[in-house]
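The two complexes that follow have subunit A in common; it is paired with subunit B in the first and with subunit C in the second.
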Partner chain A sequence: MKRREFLKIAGISTILGLGGMSVVNELRKGSLEAAQYAPDPKTMAAKRWAMVIDMKKFKTADDYQKCVDVCHSVHNVPDIPDPKREIKWLWPEMFVHAFPAQEDLYLSEHYKHMPFLVTCNHCANPPCVRVCPTKATFKRMSDGIVMMDMHRCIGCRFCMAACPYGARSFNWQDPRPFIKRELNPEFPTRMKGVVEKCTFCYERLAKGLMPACVEASNGALIFGDVTEPNSEIRKVLNSNFTIRRRPELGTGPSVYYIIGGNEHA
Partner chain B sequence: MYNGGKIFIGLIIFVGLLILPFYLSMGKAIAKPDPKVDTPVIKQMAVKQCVESKDFMKTAHMQMLNDWRDSVVREGNRLYTAADGKSYDMSLQNTCMKCHSNKKQFCDECHNFVAVKPYCWDCHLMPKEGA
Partner chain C sequence: MLEKALTGSKTYWAWIFFLLAIIGVGFLCYLRQFSVGLGITGMSRDVSWGFYISQFTFLVGIAASGVMVVLPYYLHNYKAFGKITILGEFLAISAVIMCMLFIFVDMGQPLRVLNVILHPTFNSVMFYDMVVLSGYLLLNVLIGWTTLGAERKGIAPPKWVKPFIILSICWAPSIHTVTAFLYAGLPGRHFWLSAIMAARFLASAFASGPALLLILAFIIRRFTKFDPGKEAIQTLGKIVTYFMIANVFFLGLELFTAFYSQIPGHMHSFVYLYAGLEGYSKLVPLMWLSSILAVVALGLLVFPQIRRNETALAIAAIAVFFSLWIDKGFGLVIGGFIPNPFERVTEYWPTLPEFSISLAVWAFGFLVLTVLYKIAVSVKEQSGGEAVH
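Our next item is the complex of A and B:
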């Protein structure tokens, strides 16, 4: 064998060897990860979850309380009487507070005192996510839910300052002694020093269940994928006039309200 | 040397104090941690097998739980496929503790021995232990 031929063969086999290994490594990496972690096949998938709150269907205080109670008991939310320290995921709010700058001088008494259910709006452009220094709160790319990763929250409360809806609550103390109802053993509590809020029941969606408040509302809350033209929520949005809380801020809230007529109108 | 005597006496006392705990426990056998795996659920299992092999779980359960929580919370993956092909719901409260319902005799046994204090239980609920 001449030296020239030997060098040719050596060069070619080196290139093949390097290239070959990298291809094999890439394939192996992909298959390992894909095999280990996967979403539950029962998971309800959507491009963008949204909720419609049909105020026509809320007649009594009990109708609101049912939704709030089921949410707070499923998620082990404490009952803290002090309004400066209370924790809320879903709660009734007066029109003037829910829709500031939209109250009219002659707004009917009915609407003025009607409690509106308010919660995290799971904004398309969430200001809380932008300010979070640890990415403890983040928007899920898959379905638009604004999530909390309690493991990362350092309790700086920037998100609470950023949220224009007051949807976030801070745990000023250990919440466990304040959970008076039976604990839900399937869901964790929170600890002192973290911020919490509604998560659109991501843990229930992963099991193929609707959010707890939607199930308890008897059809007053409609939940679904707004990017799906044939979904129930789109039909409701098509056939009703809806408003959102403070859309002028550009946050793109995902919770819609049907105000609707009533016997006073 | 100024104050040599005092310094030497001080040094001797210091070294003595330093050695004392080692001296006192010399030759004594210290009880090894003995995590119990005799919960009712585990007793009923035909093949007593955790998610992964015992050796892997012993050395890597903390990394695994870390990976699980990131995968569940941040990526929305809920199912873990083990080396033997079985799938499990990635959940400390709803998977691990369903079998290992004896936190005191299982988790705490080693954690106390090596003086680590994982903060899992600040939020996650531990199973109710009978007695």
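Our next item is the complex of A and C:
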């Protein structure tokens, strides 16, 4: 065999080999879900997790700030003062910003300035997952949580363009120097160049704990399995009129809002 | 053939070193971006794609437009383009290389970029964009190099290359269609969520690409003994004219739908770009400059008497190129992010390091282009410019 021929064969087989592996990986997909160890018996399971935010129960600024603080502190979310660079998982927005298509000249001042907590909607049909070129963001088949793999994310930010809720933040720099609260060693910090967002506290659910914000909310946030007809969340949804952000886009958001009556009128 | 790029006049070498200097400055800026992160750019949580991705988008169009000279020559046997098909193919090569570099410098974790191949995701348009761009690069390298090699030897190109040429003609529109799909399929981004997006992309590509080719043809004629030919230049002018008209028409369709329907989400980005929104109007002067250039260009192009004057044609080509560069290489991408999903306005402007990196990518593209054109022109000067059929 001539040197030239050898190089040709070597080159072609390398290309085929690399391509071949990815085909095999793709075919294997779905045949098993990664589970290297038995699940914790305390783990809370659901077919589809969802959250109801009861605006009637938020009385003072402190009430929602408690939820934001606990979320950002257990997940080591940095405090970056520059709004262009900030990272946020859960935060308040006024009605006109949380529900932009619903603005009304005659909406009462009370509702206009009501701080709605906004976060990732863990959509049933998430556009971010659809566009991600590496499956770094994916919908967990077991319970519908839209997850992030920070080690796989290439930082292309396609998911940020795709998310109609502005729920995603990008690490424009190393976030670690900006973690002002006490570091939670139980939850990983992030590095520069990856996208992050709320993950419905999957790490707490695995230990049988409610999401941190729900726990801190004094009943203003209701969390549970919407596919379960007898769950508390379904009872709340049955007995209240709720709205969701931009449902017309077909994303199927899993975060519901109860607006309630205006006691301050 | 590469040896032909190693001998050249003083002007040639001065140009090469000028480009290398720009690349050097940009590379230093990139090293800083690599260590600090994309925070050195003007991008933000709200405008999460900026100059890099918008330049990428524009350059995919330039790459695709190579087909505008390849198609008439190979499918319609239009002989006047025989001399310049290679210029179109080599322009496509350098444009695709720039596209890939712009994607690379935009990555938050550039070392993980191969994850796109390791974990191929068939529902992501970005996966297909990678496939079509790499494929298009390979096709043009293969075709350009083979046909030029044959011309140097004074023989007809081998027969096996023909199917690849046909494939590349079909492939060219696909790269820009897929790039339009990056934008046109995103719920909640009204400015991009438009069925005409891909058509608009192609129209602007087939106007701006041949306009650039025209400018390059004028430069080549000035600095070398190779003449692309009067007829080829005039035909390119006609192509630019028709596609520029189509492009302006498509933009008009978008404006009609937005403003006659009066749906706020559909109007906001246009209002921001052309009039300013909530007191923010950083892009307004640029967008109007783009519109004025488009009007000037069309004024020169639609009248054959004026277009036949090569000075007027050159001015028109420059006007078309910059008009579309602003429109697609800046406004289209930035405008889609403003206002943000909370209907707040966060403005964007590239920083100096971001601009240097972008300039370096352009310089690298022009370096590749210069070397390829130097080779092509040297071969043409020897062969008299006529490919053997």
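Quick note on the criterion: the second predicted complex is superposed on the first by the 227 of 265 C-alpha atoms of A that agree within 3 Å, B and C clash if a C-alpha of one lies under 4 Å from a C-alpha of the other, contacts with A are read in each partner's own complex, and residues count from 1 in each chain.
As a working rule, a residue touches a chain if its C-beta (ideal position, glycine included) is under 8 Å from a C-beta of that chain, and two chains touch if they have at least 3 such contacts.
Everything quoted here is computed from the prediction, not taken from an experiment.
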item: Contacts of A:C163 with subunit B and subunit C, given as first, second, both or neither; value: second
item: Touched partner set for A:K112, first subunit B, second subunit C, both or neither; value: neither
item: Partner chain(s) touched by A:R181 [first = subunit B, second = subunit C, both, neither]; value: neither
item: Partner chain(s) touched by A:R190 [first = subunit B, second = subunit C, both, neither]; value: first
item: Partner chain(s) touched by A:C153 [first = subunit B, second = subunit C, both, neither]; value: second
item: Which superposed partner A:A206 touches (first subunit B, second subunit C, both, neither); value: first
item: Chain touching more of subunit A, residue-wise (subunit B, subunit C); value: C
item: Residues of subunit A that lie at the interface with subunit B and also at the interface with subunit C; value: 191-192
item: Subunit A partner contacts - residues on subunit B that touch it in the complex; value: 69, 71, 73-81, 87, 89-90, 93-94, 119, 122-125, 127
item: Of subunit A, residues touching subunit B in the complex; value: 35-40, 43, 76, 138, 140, 142, 147, 149-151, 183, 185-192, 202, 206
item: Of subunit C, residues touching subunit A in the complex; value: 36-39, 43-46, 48-49, 103, 106-110, 112-113, 115-127, 130, 182-183, 185-189, 264-265, 336-337, 340-344, 346
item: Residue ranges of subunit A in contact with subunit C within the complex; value: 18, 22, 25-26, 83-86, 93, 96-98, 100-101, 127, 130-136, 152-158, 160-166, 169-174, 191-195, 246, 249-251
